[in-house]
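As written, the chains take the letters A, B, C, D and E, and residue 1 is the first residue of each chain.
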Amino acid sequence: MSPILSAKNIDAGYNDVIVIRDISIEINTREIVAILGPNGSGKSTLIKSILGFAKLFDGKVIYHGKDITGITSDRAVHMGIGYVPQINNVFSNLTIAENLDMGAYPCKDKKSIKSRMTETYDIFPELAARKKALAGNLSGGERQMLAIARAMMAQPKVLLLDEPLASVSPKPGSAILSKLNSIKDKGTAILIVEQNVQKVLSISNRGYVLVNGACVMSGSADSLFDEESSRQRFLGLEEKVLDNN
Amino acid sequence: MRRKILLVVMAVLLLLPALACSSEPEEAQVEPVKIGVLLCLTGDLGPMGLKMMQGAELAVTEINDAGGVLGRPVELVKEDGATDPAKGLDRAKKLINVNGVKVIVGPMISGTALSAGGFAKENDVVMVTPSATAGDISKQDWTDYFFRICLLDDLQSEVLSQVVLENGYTRMATMVLNNTYGVGLENSLVKALKEAGWQGEHVVGVRYEEAKKDYLSELQQIKDSKADVVFACTYADDGIIVFKQALDIGLDDIAWLGCDGNHGAGLFKDPKSAEFMAKAIVAGTRTAGGVGAANDKFVTNYTAKFGEEPEVYCDTVYDATWAAAKAIEAAGVYEGKAIRDAMEQLSFEGASGPISFDEKGDRASGTFELWKVEKDAQGKYSNVRIGLVNI
Amino acid sequence: MPEEALLKIEKVSKHFGGIYAVNNVSLDIHEGGIWSMVGPNGSGKSTLFNTILGLYKPDEGTISFKGERINNMYPYQIYARGLVNSFQTPRIFHSMTILDNMLVAARGHQGDSMWNSLFMRKKWQKQEEKLIDEALNLLEFVELNRMAFSPAAELSGGQRKLLELAKVLMAKPTLLLLDEPAAGINPVLAKKIFRKLNEISRNGTTFLIIEHRLDLLFEFASWTYVLNKGSIIATGKPKDIVNNPVFYQAYLGEE
Amino acid sequence: MDINWAQILLNSVITGSIYLIGAIGLSVTYRLSNFSNFAHAEFITLGAFIGYWVSSQLGWGLLPAFIIAFLLTGTVSLLCYRGIFQPLAKRGASTIHLMIASIAVGFIIRYSIGAGWGWTPQYFLNTWTTYEVGAIRITGLWLLLILVTLTSALTMHFALMRTKLGKAIRASSSNPELAAASGINVNRVILITWFIGAGLAAIAGIFRGASTQVWPMTGWDIILPIFAVVVLGGIGNYHGAIVAAFIIGLTENIGVVALTNLGLATEYRMALAFLIIIITLIVKPQGLAMFFRRA
Amino acid sequence: MSIIPYLLDFVVFVGIFGIMALSLNLEYGFTGLANFGKVAFFLIGAYTYAILSQTGAPFYLCLIASALTSAIGGLLISLPALRLREDYLAIVTLTTGEILRLIVKSEDWIGGGIWGITVSPAIKMTGASPTSKILVNIGLVFICMAICFIIIQLLTHSPYGRVIRAIREDEVAAEALGKNRSKYKAQIFMLGSAMAGIAGGLFAQYLRFIDPYMFLPIVTFTVWIMVLLGGPANNWGALLGAALVQLFDRGTNLIKDYFTLPIDPTNLQYILFGVLIILVLLYRPQGLLKESEIKTEALRSARARGSTAKNREG
C-alpha cells in the first residue's frame, strides 16, 4: 500500500533561512503519525512547508501518488488535506456554527454541509451546546476542539495538527486525544506535531523525532522511547555525558 | 533591463520640459502682442475661472477681428492659478519672466493679487483684475500697477444696505462663503447698515466652506433664527447648492438678497435653484453693465460663441482684456510703464458699464444694477433688471 | 550574613485573558556563574523573561535587581542597570552593517545623545574607536569579523543567532538573559559558545539561560529551575534534576 | 432661538447615510489589504460622474445609473487593485508606500476625470418633491437615500452574517492564514470586497452628486469625514461603521448649531470629524469595534 | 524679458522644499516616522514668521521663532501620537494639518484669516533689481538649507543616527537594547518640525504674503514624493528629489507653450505625476539614490584597517 501523503527529502524554512534539512516522512490511511522533538527543532516548519505556509527549498510532496509540491494552502484543503495551526486556529469573531461552516468552505452542497455539521456535533457534543457562542469567548480546550472540528468539516483524507495540546489542561487534552482516535477510525490519517510525548504516543501508530532540523529517530510508537538512551537523545543528551554519570 | 528602460523613460519625462524650453517656437510672420491671463482654472474656484477664461477669449477674438493692437495680432498666454496664491505667484513669474508679458489680465482671487502684485510692479508689469475685490489691496504700495475692473465690496454693500433699509427688514441673517469675497461683503454690509442707522439685528451669520457643499443644518439655523431677510453671498456653483437646499428646507417664504456672485444663468442649471431664486430673491446687486450696446453685444456674442450665457465676472474679464488692449494701443509701445500711464487715462464703455480708474487703480465710479429672477411663459428663467443705482 | 540576590523574583504572576502564563513564581539568581531554566514549550519561560525585562507588566509580585524594584520600569531603564537579554528569534537591524548592529548595543555610548552627536564629536570618537575594537573582537569570536562591514541582511539564520549573542555581549551586562542561544547552530559552535560564556562569567557577568540541550547545562550550568505550566516544579543542580521524575513528566508529558 | 432638533436629527441621518455607504468599502479593504486607500475618494467621484452621465446625459433614469455606476466603478477598482496595489504588495511595499501609491492612483483618476468631463460642476437633472411632515421637511431624494442606505445596510448585514461569501469575508479579515487553511481563496475574497466596496462608493457618489453637484473633487470633498467613520467604527468592522457614520453625522450637524451660536465659522464642522479621528486613534485605536466583535 | 529670474526663482524653491524634504527624510527615511502632516509645521513656521515680522523683528529672530514654535507644535503632536502604528500616525498627522489650516482660515485674529497676511522682506533693498533680490534670497535660503543639511548629516552619521535607524528597523529590539524610543522619536519629530518651520518661515518671507490656501495637503504629498523619488535615508537623495519634483512641476507647465497637448496641461501634469510615483514605487522603491551607510571617523579608520588587513592576508 502506498502512503496517502509523503514528503521526500524536504529542505524548508522562512525567507532565506533553512530550518529543516533532508526530512522524509510518510503517512498511511488509518494511521496517526507523531512528529516529536524539542522546541525549535523544526516540527511546525515541516507541516507548514507541506501546505505552502513555509518556503520549500528542496524536496517533493506526494499526495495520493500525485506531486503536489508547492501547492497553496486553499488548494490543499480542496484536495483533502486539513490543517489545524497551533495558535490563532479559530475565527474568533465568528460563532461556533459559522466556524464550522467556514470549515466546510470547499463543499458546495448545502445538504451535505448540514449532515456533516450533525456528524461533527455528534463527535463534539460540547460544541453543539454553544452553537451561537463567539469562538473568541471559548476556553483553551473548547477552542482546540473547535479548531479540529472546523478542519474536519472539509472531510479531509489527511489531517495535520500543530501541537493540539500545547495550551490545553490535562483533562480536555485527554478528551481531544480520544476524539482524534475516533476520527482516525473513521478513515482519516492524522499527522500530529506535539511535545507531550507520552500522551501523543499513546494514540499514535508511528513517530518521527526531529532534533535541530534533522530527523534523528523514527519507528513504531511502542518502541520509540523504550530505551533510556533514546529518551536522553530526545533531550539532546549525548551518550558520553550519561556515561559520566 | 526593464529597470533601465524605466529609468530612461523617467529621465525623459523629467527632461522633456527642459528640452522644450531650448527649442524655440517657429518664427511667426508678425510676432503677436502677448497678454497674460492668470485665472484659477483648477482648485475650489476652478469652475468659475474656466467660464471667465471664455470672456477673455471672446475679447481677444473681437480685438483681433478689429485689427489687433499696434498693428499686430493679440495672443493670450493662459496660466492656471489653481486657487492657491503661492501657485498663482509662480505662474505670474512664469508669465513675466518666461513669456515676457507686460500686462496681465488677472489675478482672479484677492490672495493671488496680494502675493503677486508686488512682483508685477517690480518688473513693470500691469495687472488688471476682473474679480479681486478685497479692500486690503488698495492699501498696498504697488497699486500704481494694479487696476481693478470689479467694484469694491464697500460700494456694493451700500446698495444692498439701501435695499434692507427701504424694505424695513429688522432681522437679517447672512449666508456667505468663507473667503475674502463672502466675508468681505458680509462685513461691509453690516458696517454700512450700522452707519446708516439701521435698527435691526444681525441674527445669525453663517460662513460656510466651499468644499463642504452640504448646508442643510446651516440653513436650518437660519430658519430657526426667524430672520426676515437673508443675504446670500455665493458664487454660482456653491450658490446653486445653497439655494436648492434652502428650497428643500423651506426657506423660500422669507426675503433673500443676492449679489453679483449669484447673478447669471449658471444658477438656473439646477431647476430647484432657479425655482427658489424666482420665489425668494427680492433683489440682488451687480455692477451694471447692461446699460447700452456694449453689454448687449457682449451677451449676444458670448452666448453665440460658447452656447451658454455669461456668468459672474465674465463681463469684467472681457472688459479687462479690452482695457489691456486699449492701453497698449494708447501707449504705442509694448512697455510696462507706458501701458500703465495709458491705463490711468483710460475711459471707455465696457460690458460692465463705464470704465475708468481712480488714483488707487480702483474703478472710479460704478453703476449698480438691482436684479430679480423671473420665469417666462416657456418656463425659462432669466435675470431681470429692477433698478439702477449710481454710487 | 546572607548574600543578597542579584535578581529576586517574588510571587510573580502574569496572565493573558484568564490563562496564567506565569503563576506565582519566586526565584533568586545570585551573582556569578551560569544559571539555567528548562521547561517544555508553553511552560512560561519566555513570558517570565519578558516580564523581567519590562516588556510585560506583572499582574502580581515584585521583581528586584541589585536590591532595586524594577517591575515598573521601561525596558531601556532596566537595560541601563545592566540587565540585558537576547531574543530567541534574532531581532537584528537588517539594513545596517553588522558592525553598526554591534555598536547600537553598546551601553553608555556618549554619542547616543543628540547634543553630543552634534557638538561633542571629539568626546565620543575616542570611545567609538574603543567600542569598535571590542565589537570586532566579539565578532571574531563568533566568526563574523570578516563580514563586519556588510549589511546584516546578508547573514544566514545561524549567523544571525550569533550576531544576536555578540550584540548583547557588547553591553557588558551584569546579568544576561539568554533565550536558547544554542538552538539552530551547529553543536561544535554551540559548545564553543558556552565555553566562552563560562569564561565571561568568571569576569563578573551572571547568566540566566533558557536551554534544552542538557549536555551543555550539565557541563556549564550551576543551577537549574524547571518550569511547567507557569510554575517552578523543581530546582537543583542540573545533574540532580535529570534524575527527578517530575522533570521527565514535564518534558514527555503526563502518563 | 428655537432649534428644530427633529430636522437637525434628520439632517444628521442624511449626512451619515452618505458617509456610511462611502465608508463600508474603505473599511473592509483597509482591513483586508492592510492600507488606507485614498483612491477611494476617486471611486466616489467616478461613481458620481458615471451616474450623472447615465441618468442625465443619456437620460436613462436613476436605476440604470446606480447599476452601471456600481459595475463600472467596481471594475475600475479591481483593475487598480490587480494592476497596482497587488503587484506592489507582492514586491513587499510597506503600508506607507501603498498609501502613497493610492494617492497617486487618486491623482490619475481625478485628473483623468477632469480631462474627460472638465472641471465645471454638473448637476443631475432629476427633481424631487419636498414633503412636509410635522416639523420636518424631507425630499424624495433623501427618502430614497435613507431607503437605499437601509436596504444596503441590511443586505450587507445578512450577506456578512448568513451567506458563505460574507462569512468568508469576515473570516479572511479576522484570520487570513486560517482562512486559507480552510480552503478559502483569500485573494479572490479581497478582489470581491474591492469590487463591492468601490461599487458602494459609487452609489454614495451618486447621492452626493444628486444632492449637491458633480465635479472631479466630489469624492475628495468628503473622504476625510469618511475616514473618520472608518476609524471610529473600528477598521474593518461593519457594525461599528454603521454606528460611527451616524455619530459623525450628528457631530457635524449639532456642531453647526453650536458653532453658529458661538459665532464661529461653520467650517469647523469638518474639524470636528477630524478631531474624532485623532482622539479615536490615540485613545482607542480599535474604535467602536470593541462593542461589535462579530463583524 | 529674461528667463534668468525665473530660473533663480526655481533655485529658491528647490532650497525651501529641499529643507522640507531633508526634514521629512530625517523623520521617515532615517527614523521611520510617517509624518503626513508636514504642511502643518510648514504652516506654523510661515505664520510665526509672518506675525512676528509685522512687529518689526529682524528676520533671523523670526526664523528662530518659526523653528521654535514648529518644534513645540511637533512635540505636542508627538507626545500622544508617536506610539501609534505607522499608518495611524500618518492619518493623525494628516488631519492635524487640516485642522490647523481650518483654524488659520477661520480665525481672523491669528494671521488675518482668509485675508492672509503680508510679510516684509528679510533684507530691505530699495531700488535693487528683481534679480539681485532673488540672489539675496537664494543666499538666505541656501545658508539655512546648508545648516539643516549639515545638522542632519552630522546626526545621521553618528551613534545617534545609528540609534534612530535601529528604531526604524525594529523599535522593540532597539528599546530592549536600552534606547528610549519615545525620547528619540520625540526628538526627531521636534527637530524635523523645526526644520519644516524654518522652511515655512523662508517661504513666507520669500512670497511676502501668505494665506490659508497655500497650505493644502498637496504640499505634504509633494514633499513625500520628493523623498521617495530621491531615496529615503539619503540626504543627497532628498535634495535631488526636491530638485526633480520642482523641475517636473515647472517643466510640465512650460511645455504647454511649445506643444499643443491633447489634454489640459494641469490635468496632464497631475496624471503624469501619479504615473511617475507608481513607477518609482513599483520599479525603484529604494529611490534614485541608495540609503547612505553610517560614516563616522572611527568607522572609517576601522574600515581602512580592515581592508589593509585583508590585503595582507590575501
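Methods note: a residue touches a chain if its C-beta (ideal position, glycine included) is under 8 Å from a C-beta of that chain, and two chains touch if they have at least 3 such contacts.
None of the values given here were measured: they were computed from a predicted structure.
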{"item": "Common touching chains of subunit E and subunit D", "value": "B"}
{"item": "Minimum number of chain-to-chain contact steps, subunit A to subunit E", "value": "2"}
{"item": "Between B-E and A-D, the pair joined by more C-beta contacts", "value": "B-E"}
{"item": "Maximum centroid distance from subunit C, chain identifier (CA atoms)", "value": "B"}
{"item": "Rounded Å distance between subunit C and subunit D, as computed from the means of their C-alpha atoms", "value": "50"}
{"item": "Rounded Å distance, subunit C centre to subunit E centre (Cα mean)", "value": "41"}
{"item": "Inter-centroid spacing, subunit C versus subunit B (mean Cα positions, whole Å)", "value": "73"}
{"item": "Separation of mean Cα positions, subunit C and subunit A [Å, integer]", "value": "32"}
{"item": "Residues of subunit B whose C-beta touches two or more other chains", "value": "41-42, 178, 207"}
{"item": "For subunit D, residues that touch 2 or more chains besides their own", "value": "114, 265, 267, 270"}
{"item": "All touching chain pairs, where touch follows the definition stated at the start", "value": "A-C, A-D, B-D, B-E, C-E, D-E"}
{"item": "Subunit D residues touching subunit A - in the complex, by the definition given at the top", "value": "164, 167-168, 170-171, 174-175, 177-186, 293-295"}
{"item": "Residue ranges of subunit C in contact with subunit A within the complex", "value": "18-19, 40-42, 88, 156-157, 160, 180, 183-184, 187, 212-215, 218-219, 239, 242, 248, 251-255"}
{"item": "For the subunit A and subunit C complex, residues of the former touching the latter", "value": "13, 16-19, 38-40, 139-140, 163, 165-167, 170, 195-200, 212-213, 225, 231-232, 234-238, 241, 245"}
{"item": "Residue numbers on subunit C that touch subunit E, as the complex places them", "value": "53, 55, 74-76, 79-80, 84-85, 87, 91-97, 99-100, 103-105, 107, 109-114, 116-118, 121, 124-125, 128-129, 132, 136, 146, 148-149, 167-168, 171"}
{"item": "In the complex with subunit B, residue positions of subunit D that touch it", "value": "1-4, 7-8, 11-12, 14-15, 114, 118-121, 123, 125, 127-128, 130, 132, 137, 139, 211-213, 215, 217, 221, 252-253, 256-257, 260, 263, 265-267, 269-270"}
